[in-house]
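One chain, subunit A, appears in both complexes that follow, with subunit B as partner in the first and subunit C in the second.
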Partner chain A sequence: MSYFGDIYKGIKTLLTGMSVTGKYFITARKGAITQQYPDNRETLKMFERFRGEVVMPHDENNEHRCTGCQKCEIACPNGSIEIIWDRQIDEETGKKKKMIDQHIYHLGMCTMCGLCIEACPTDAILWAQNYENSVYDRSQLTKVLNQSGSKLKAGVED
Partner chain B sequence: MNISLNITKTITELLSGFMSEGAANIGAMVTIALIYLAIFAVAGLYLVLLERKVAAWFQLRIGPNRVGPWGLLQTMADALKLVSKELTGTVKADKFLYNLAPYFVIVSSLMALSVFPFTQDFQAFDINIGIFFLIAISSLGVIGILLGGWASNNKFALIGAMRSGVQTISYELSVGLSLLTMVLITGSLQLSEIVEVQKNGWLIVQGHIPAVIAFMIYMIAGTAETNRAPFDMVEAESELGAGFHTEYSGMKFAYFFLAEFINMFIIAAIATTVFFGGWLSPFGITESIPWLGVFWFVGKTLVLVFLMMWFRWTFPRLRVDQLLTLEWKYLLPLNLLNIILMALIVWLNLTIQF
Partner chain C sequence: MDTTIKNSNLKSEEYFINMGPQHPATHGVLRLLLTIDGEIIKKVEPDLGYIHRSIEKMCERDSYQQIVHLTDRMDYLSSHINNEAVCLTVEKALELEVPERVKVIRTIIGELTRIASHTLWWGVMGMDVGALTTYFYGFRDRELINDIFEETCGARLTMNYNIPGGLMFDIHPNFVKRTKDFIAHFKTKLPEYDTLLTGNVIFQKRMKGVGMLTKEDAISFGASGPVGRGSGYSCDVRKHHSYSAYDKVNFNEILKTEGDSFARYQVRIEEMWESMSIIEQLIDNIPEGDVQVATNAVIKLPKGEFYQKVETARGELGVYINSTGTKNPYRLKFRSPGFSNLSLLNHIAVGGKIGDLVASMATLDLVIPDIDR
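Let's turn to the complex of A and B:
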C-alpha cells in the first residue's frame, strides 16, 4: 500500500509548500525586501551599512588621521591600496619618522569587502555614501585619498 | 466547406454585400485571423508581465515598475527591443529548418486558440471534434522544438529538444486520458456542446470525485506540456544554457517565448472549458447578458493561469528520470483507474445534476 501512501504524502507536501508561498504572495505588498533605486537625490538618506567607496576624511585644517602604517595595504585581499611613504625629519622632535606621501586607492579593483577599514588602527578611512561610480576612463578610478598638502593630525599617533 | 464559423458568419454577411461568396468567405477568415493574432500577441505580452509580477510577489520583490504606470509597458518595451535586435545564427546550422522552427511553434499555438468558445457566439471555428483537435494541435508544437534543437547544431539545444520529445510524448497521454474521462460525461467532443452540457452544473461538480482527480492529473500534465517549471527540463537554464532556443535571438526567440505563454493560456482555457463551465457564470447569475461570458471565461482562465504560476514558483524541479517515473508509474495507472471509475459513475447515473 506504500504506493498510495506515497501519493498521499506527495500531495500533502506539495500543498504545504504551496501554502507557504501563498502566504508570501499575500504579504508581498507590505514586506517587499527590494530597495528602490535612489531617485530622490535631494532628500536621500543612505543606510549606515551602505558601501560606496573608501574615502579619507580631512578636517578643516586639511589634516587626516593616516599614519602611513600600511595595515590597510596588507589587509586588502586584491591589492587595491598602495601606500607611498618616505622618512622625513619630524619638525618637533628632530627625529626621522615614517610619513605618508600618497594613499592610492584603485576603486576599479575594490570589491567593497571593508577589510581595509576594519584594519586601520586610527580610523583614518571609512565608507562614503555615494553611488553611481561609473566613469568613462579607467584611470579616473585610481584615486589619491590624502589631499595634497595635508598632514597628519596631531595626537593621532599617541 | 460546411463548417460553421460563428463570429465569421456576421462578417461574411457583411462582406458578401459587395463581394462574391467565395471572396467574402476568404475575406472573413483573414479578418478573423488578423483580429485573433492582434489580440493574442498583446495578451501574450501581458501574460509575460503577469508572470513577472506574480513571481516578484511570491519572492517578496516588487517586479517591473519602471516602464509606464506600475510597469505596465515593460513587456511592450521588451518586445520592441527584441524586434530591433539582430537575428543571429550558427554557421553550421541547417538554415531552412532553423528558420522554420519558431513559426511551427507559434502557429500551432495560435491555431489552437481558434476553437475556444469565449462566449455564446464568439467562437471562430466550432469543429465537432474540438477536444481531439486541441490535443492534436498542442502536440504539433513539439515538432518545432525538436526542429529548433536539431537545426541549431548545438549540443545543449539538441539535448533540450530530445528532453522535450520525451516529456511531451509521455505527458500527452495523461492530458488526453484525463480529458477523455470528462468526455465520458459530456458524450461529445464539440466544445460548444461541452459547455452546453454544463448548464446543469460545471463538470467538476457533476463528475465529483473522478472529475477532481482528472482535473489534478490534467493540471500536472498540462504544466509539463507547456515545458514550464517544475517541468522545465527542456529549457533548464541551470544546465543547458537555454535548451532548444539557445541559438535563437531577436524576434525568433520572442516567438518561442510568446508561444510558451500562449500555450499556458491554452492549457488553462481547455481546463476552463472542460472542468469549469467555460463562459457560463456561476449559478447562471449573468445568464441574461451573454457577452459577459467573455469576462467569466477569461477570469476563470486567469485563475488557472495563476495556479500554474503558483506551481512554478513553489515546486522544485524534477530530474528526467523522476519526470518519467511520475508519468508512467503514477499518473498513467491512476488515470486509467479513474476512467473506469468515471465510466461506472456515468453508467450508474451517480453524477450530480442541478
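Let's turn to the complex of A and C:
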C-alpha cells in the first residue's frame, strides 16, 4: 500500500510544482525579463552611474579640466593611470605652470573601483556608460584621455 | 553466477577520482580528491590554490581606501558586506563614528545582498540536485536587486560602494522606490520557491538525512552562517555582536536542530523572509544627513591590532588588521566563512554516495574565491 502511496504522493508534489511552471508557460510573454541583446543596442541605455570606462570630457574649445595634480594616479590601486606632465608657460599670467602632456589610462588594468573619480578635485574625469569594451588587440585598451592640442580650461585650479 | 566471482581473483578495492577543478557542481575551481569504494565515499580531500590571487599580500601593499575594492573579489556574492567589514575595522581603529544614515543604508544594501546571494544559491542548488527550473527563477529575482545596485553603486557585482568613513556617494533618488517594488515583488515570488521545490518528494529524499552535522561538530569545525544555524548553533553575528543598524531592528535568528541538508536549506529560505522584514523596517525612515565623515587623504591607523566581524550571506567574515602606524597594514587577515565550512565537507560526506556529496556541498554554499583568496 505504501508503495502505491509513495507513487501517489510523488505525482501530487510533481503536479504542485508544475502548477507554478505551467502558470509561467501560459503567461510567459508578459513577464519576460530577458533582453534581446544585441538587437536592442539602439535602445539599451545604462544607468547614469554605470561604470563603463574613465573618460575626460572636453568642451567645444577643446579644453579639459585636468590640472595634472596626479591625485587620480596616486588613488589608483593598480597603476591604471599614468600622467606625463611638464611645466609650461601659462599664456595668461606668463608664469610657468604644471600642465599635462598625456593622461594615459589603461582600461585593460582598470578594476572600475571609482577611486580616481572620487579623488579628482576638478571633476576632470568621469565615468562613461559604454558597455562594449572588447577590442582585437590589447594595445587598443591603452588610451590617452586628453585630446591632441587640448589645453586646460581657464580658471580651473585644484 | 556467484561461483564465477568466488572462483576468480576479482576483488573490490578503493580508488580515487578527481572531482573538479572543472566540475560543474563545484561552482568554481575547487578540486576534490575523492577516495571511493564503489560509490561509497571513504575520504574527501579538498585541493585549493587554483584561484589564489594573494589578496592578503596585496592588502599589505595598498592604502586603506584601496583595500576595500579587493574584498569585492573574494566573496563576490556578498561583496557589499565584505566592503563593509573592512570599512568597519578601519573605522573602529580610527574611533570614527559614521552618521546614522550611513549605518542604515549599509544595513539595507547588506540585506539586499543577502537576498541576492540566497536567491542565486537557491537556483544553483536546485540545479545541482537536478531541478533546472529553479536556476531561472532564482536569477529572475536576483536581476531586480542587481538593477538596484547598478543604479545606486554603478556596478552589479563588484560594487565598491563603501569607503572608510561612510559611502562613496549618496543613494540614487530611485533607490527607495525600487527597493519597495522589489520587496512587494519578492513577497509573491518566495512562496513559489516553496511550491516549486521545497515540497517536492524527490527533492526531500535527496536532502533529508543527507550531510548530517551535529551541533558539537559544527562548533568544533568553526562552522558559521546558515550551516551552523542548520545544526542548532546560534552564531548570527548580527544578533550577538551587532554592528551598523542591526541593533535597531527586530529580527529572528533562524535555528534548525536537524543538522541535515534540508535544515540548511530551510534556514536560508527563512532568512530571506527575515531580510525582507529588516529592509521593510528601515526603508521608510532612512535618516537625513551626510554620507561621509571626512578622513585624511592618507589614512594612518594607530599602532595595534584590530578585529571586526560581520555576517555575510555565507557566515562569519572576520577582518584582522595588524598596524604599525603606517599607511599600509603590516598584516591583514580575512577569516572567511567558506574555508571553515569547506573543512567539514569530509566529515559530512564520508559514508555517503557521490550524489549525496553534491547535495551536501550545494547546501554548504561554497564560493571558491572566498576560500582561496
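Methods note: the second predicted complex is superposed on the first by the 118 of 158 C-alpha atoms of A that agree within 3 Å, B and C clash if a C-alpha of one lies under 4 Å from a C-alpha of the other, contacts with A are read in each partner's own complex, and residues count from 1 in each chain.
Basically, a contact is a pair of C-beta atoms (placed from the backbone, for glycine too) under 8 Å apart; a residue touches a chain by one contact, two chains touch by 3 or more.
No experiment lies behind these values; they were computed from the predicted model shown.
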Subunit B versus subunit C as contact partner of A:Ala154, first or second or both or neither: neither
Which superposed partner A:Ile84 touches (first subunit B, second subunit C, both, neither): neither
Partner chain(s) touched by A:Ile33 [first = subunit B, second = subunit C, both, neither]: both
Partner chain(s) touched by A:Leu115 [first = subunit B, second = subunit C, both, neither]: second
Which superposed partner A:Phe50 touches (first subunit B, second subunit C, both, neither): second
Touching partner for A:Thr21 - first (subunit B), second (subunit C), both, neither: both
Most subunit A residues touched (candidates subunit B, subunit C): C
Residues of subunit A contacting subunit B in one complex and subunit C in the other: 14, 17, 20-21, 33
Subunit A residues touching subunit B - in the complex, by the definition given at the top: 7, 14, 17-18, 20-22, 24-25, 27-29, 31-34, 36
Residue ranges of subunit C in contact with subunit A within the complex: 62, 65-66, 68-70, 133, 140, 143, 150-155, 158, 160, 163, 168, 172, 192, 195-197, 199-202
Partner subunit A, residues of subunit B touching it in the complex: 54, 56-62, 310-311, 313-315, 330, 334
Interface residues, subunit A side, partner subunit C - complex: 6, 9-10, 13-14, 16-17, 19-21, 33, 46-47, 49-51, 75, 77, 111-115, 118, 127
